[in-house]
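Two complexes follow with chain A in common, the first pairing it with chain B and the second with chain C.
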Partner chain A sequence: MSNNKSYKLLQGNEACVEGALAAGMKFFAGYPITPSTEIAELSAQKLPKIGGRFIQMEDEIASMAAIIGGSLTGLKSMTATSGPGFSLMQENFGYACIAEIPCVVVNVQRAGPSTGLPTSPAQGEVMQAKWGTHGDHPVIALTPNSVQETYEMTIKAFNLAEKYRTPVILLMDETVGHMREKLTFKDESEIEIINRKKPTCAPEEYVAYRPEEDMIPPMASFGEGYRYHVTGLSHDETGFPTNNNKLAGEQVERLINKVEQNIDDFSYYDEYKMEDAEIVVLAFGGVSRSAMTAIDEMRENGIKVGMFRPITMWPVLEKQISAIADTAKEIYVAEMNYGQYFYEVDRIAGKKCPVKKIVKVTGELITPNEIIAAINGGK
Partner chain B sequence: MNASEITQKYYRADKLPHIWCPGCGHGTLLNSVVRAIDKLGLNKDEVVVVSGIGCSSRAPGYLDFNTLHTTHGRALAFATGIKHANPKLHVIVIMGDGDSSAIGGNHLIHACRRNIDITAIVFNNNIYGMTGGQYSPTTPHGDFGTTAPYGNIDSTFDLCNLAQGAGATYVARGTAYHANAMDKLIEKGIQNKGFSFIEGLSLCPTYYGRKNKKGDAVKMFSFLKDSCVDKKVVEKKPELGENKVIIGELYNNPKPEYTESYQVIIDKFQK
Partner chain C sequence: MFNKIEMRLSGSGGQGVILAAIIFADAALADGLNAIQTQSYGPEARGGASKAEVIISKDEIKYPKVTKNDILLALTQKSYDKYIASLDKDGILVVDESVNVNEDVPYKVYKLPIINTAINSIGTHMVSNIVSVGVLYALMGDGVISYDTMVSSISDRVPPTTIDKNIKAFEEGIKLIRG
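Up next is the complex of A and B:
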């Protein structure tokens, strides 16, 4: 079967839906917003054909709520939005974190703040993805830079959500969402699918939020006979609210640790011409494509430059970024915002080598020439 | 089934006593919910009770079903996801007045409009109790709250009119005093294949009552008794409805249900 590849020319947004369906998505709730709308449209078209369910909600607050509800019944669930909608989703995103509900939230970033520049590309929600909802909480966010990678990372997003019982953000940008490229579909046998752990005990023995050794509690679906309680209040292992400060603190620590201590399991990144690179461009999503062109040109002029491209944005790939700083003479963080991920990179690498910004907030992709100019200007 | 058998069967006894103040009407309304479920003989494993935030929202925690305590105002949006994802489940939503009609007003009208098979019950105590007595969309005009120290100048929502106007197919109003009638209204609401909206007039002696000099819980229960009259009575003798709150079944007009309509689409693709 592996020779029987199927190909299609698709948008990033379309590839996201293909990936979601390949991962087992059965439920989608959303609200129209450019530049993510194709994800909702294609989900509306495809889900009923496989017995899945789509619903257009009254806003993004409700969309996020509905996918949590869908996931609680056992269906793999997703929503998709852009900046303004992502802001509205933050409230219930935090609910999914504390109640440990697997789901996937796609944000196809456009230029902000507020309504901003609909719908020009941006990467302005790098920090919001991590800190958008109130309180300390775990976040997994993945950023693809191509149509193919969008397909593959959407599958991984579902797998990570299921494995770690946590919402996972697919942090796209308009460039990747609306770009058309060849997508090579994977054969079913090539796709790894992870499903949430279910309880194996009898219902009367089920302690809904008692973590196993991997820090993750098995999750029963509503309707299966395990009648349990779910709340956004700090709760003990029974799932019922507690005002015990020690237990509340332990809960937050476990939620964060179950994700961050497993970072090696999902440290996705790419390196481009890094073998002998003295100058490193750290770029992600759409900008990384400009960076590669810039690097090719600079290499022709004998400049030893390469790119490190995090795909896993959150938690930050500290180990890898720190290792780069051991050999690099300088690092440039190129991002379509006013400098967000820069602060993470500077925190990790700044004591070892200079870390500089290449930023742009005009609603346009950073061009290869702008990257070259910034690096040459630094000479 | 007597009261203690009902408690044994449907309550999580280890979670009692509840947090509600002495004299609060919520416990009485919750008992009506449980008796209606019992009367209908629903399988406990297939019942989901969802709530938002506020005094009313603590209700599901006491009940031995699949229970979901969500965020303020959003209960119906979570419930919509549950019902749409698994239409076999009986989804019952318990909300407060501010919860359902202020912060959750948009979700309420759209749940009504979809006519999705959810039974929404509002425990209306005319005040934000959990936060200490601020005026809500159902605080009567002119009454007092901690944020209406000079009298409430807002107009008051008629939640049943709102629900009917938005498309709910079963609309009823009961009270914590008229418990037997309330049982039946909820029972019929659950049976309605579509969105059912039931307003349960509750009372809050602690905040609303004290702030508005309404007397103790007994006096407030008596007020519920005296100020409400059933729609059927008024239909025969309209003069009895003057200056009264009309209770009973207010609207019952079945229409195609949301998840069933969606199933028709799914079935088209099943060869």
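Up next is the complex of A and C:
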């Protein structure tokens, strides 16, 4: 294809790299794994051409560590993996949370557990995305459902990581990662780019982990003359470890609050034929595509059904889901796992209306007919 | 009147059916249509069953997989056996001449020397996928994608040194249908 077209036929994985580059990614460290490999492959091709760096690490533990280091030098950094690698990344993911390192972690979900079905889709890491690393910590996770949205949400993932100084997960699935459809590129002038806050004081006055009013400490890049200490231990404002229980507790609270109290800033979701919907399908990622087709068919038969699609998966969009439960007669949560997000939706909506599961763990996308059958059978 | 075509291209891993599907999707976009292309394959790089799907539509495509299979290409017996049940009764089956098929069926059957055309006319079995593209393009009917768009889509997607061979393969494929 010629390069001067404003669109391209691309895979979701390729769109992720295009989005990352548009957002300013300058460093990628990773270990290739199906079905995420194209993200590493394309990053390896493109980063050197723009003065960025790509490194293939020995495994995913090291990959996550490398992007933390990359980010500390001031470069916007990303890694990409699938289930088995995502498990290995968990320890250092927690490190990025407590050390407040902006970075983007892409998980293109495949069927598990363990090595499972490498080339088949799943959404089995919905809960792992939130609770995979130990200890209480903030998580922002975004789930796109198209090639176009993968591009746009990757840009947002970088922006949120930079803004809130926290790792952000782009929780894709094989369906979206490998499907090819049209990506319309945005002009640079249309793309909002957020960069991390940097210190304005002199290096000798810098207190690395002293938060400002927005709960976020300005972040100096290593190599710019600001000397500070980074650790996974609970630390005080200087960045050095502390055993002070009060400070340790305040730190965890601040880490969570800086993200969760700003949920309105990044509450991304989509609604489909919801105006008069009595039955609501809650679906995300690849499954939402099936849900829309199912809804089109059911609407032709006069069934008042619509879809709520969270794009922001974590923190959970409690306000929006609770509001749906005020008017819905029933909610179906459709997901390519054995029932995970269902429990979040049931927690929020279950006291107001019945919440039911549509699940599948065969390594295949839930079909529109399966959604229709589940809803018809539910009557 | 064309509104939507759902094609499934199947064969053995390495035969290039995914590339063939990509070429159709690329060309459809270039002609202002909607297109989506997906595939499924095993963990192995060569051999095994490989399946690519492409949906071309005037309307927005939501569910990305084929539901009403209008055209099925099967280059191997294994892929024919695996996917034939999904072909729509008003659909079109295209198989290589080496594949044994049930002839007592409601859909149209085209049993064609696809692989041998690639070998004999172009000199390599490697362009069997592009011969297939020519066959499928001819069967798809006029008014979906223009010939020129197909040629430029093929040229954009194959290795530069093989463009001429692949365009010839495409034309040989068309000839298998139109004579």
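Assume the second predicted complex is superposed on the first by the 374 of 379 C-alpha atoms of A that agree within 3 Å, B and C clash if a C-alpha of one lies under 4 Å from a C-alpha of the other, contacts with A are read in each partner's own complex, and residues count from 1 in each chain.
We adopt the following convention: a residue touches a chain if its C-beta (ideal position, glycine included) is under 8 Å from a C-beta of that chain, and two chains touch if they have at least 3 such contacts.
Since the structure is predicted, the reported quantities are computational estimates derived from the model, not experimental observations.
Chemist: Following the overlay on chain A, give me a clash-or-fit verdict for chain B and chain C.
Modeler: fit
Chemist: More chain A residues touched by chain B or by chain C?
Modeler: Between chain B and chain C, B touches the greater number of residues in chain A.
Chemist: Report, please, how wide the angle is at the C-alpha centre of chain A between chain B and chain C, in steps of 10 degrees.
Modeler: So the angle at the centre of chain A is 110 degrees.
Chemist: When the two structures are overlaid on chain A, which partner does A:Asn195 contact: first (chain B), second (chain C), both, or neither?
Modeler: neither
Chemist: Looking at the overlay, does A:Gly225 come into contact with chain B only (first), chain C only (second), both, or neither?
Modeler: After superposing on A, A:Gly225 lies in contact with chain B but is clear of chain C.
Chemist: Tell me which partner A:Asn376 touches in the superposition: chain B (first), chain C (second), both or neither.
Modeler: Neither chain B nor chain C is touched by A:Asn376.
Chemist: If we overlay the two complexes on their shared chain A, which of chain B and chain C does A:Phe27 touch? Say first, second, both or neither.
Modeler: After superposition on chain A, A:Phe27 lies in contact with chain B alone.
Chemist: Considering only the touch criterion stated at the top, classify A:Tyr7 as touching first (chain B), second (chain C), both, or neither.
Modeler: Touch partner of A:Tyr7: chain C, not chain B.
Chemist: Measuring by CA atoms in the overlay, how small does the chain B-chain C distance get, in Å?
Modeler: Superposed model gives a least chain B-chain C C-alpha distance of 21 Å.
Chemist: Over in the complex, which chain A residues touch chain C? Could you list them?
Modeler: It comes out as residues 1-2, 7, 9, 34, 118-120, 175, 178-182, 286, 289-290, 292-293, 296, 365, 367-368.
Chemist: Within the complex, which stretch of chain B touches chain A?
Modeler: Answer in residue numbers: 15, 44-46, 48, 60-61, 64-71, 74, 77-86, 88-89, 106-107, 109-110, 262, 265-266, 268-270.
Chemist: For the complex, which residues does chain A have touching chain B?
Modeler: Listed in rising order, the residues of chain A that touch chain B are 26-27, 29, 48-49, 51, 53, 55, 57-59, 61-63, 65-75, 77, 91-92, 95, 222-225, 227-233, 240-241.
Chemist: Quick check: in the complex, which residue numbers of chain C touch chain A?
Modeler: For chain C paired with chain A, touching residues are 22, 25-26, 29, 34-43, 61-65, 67, 156.
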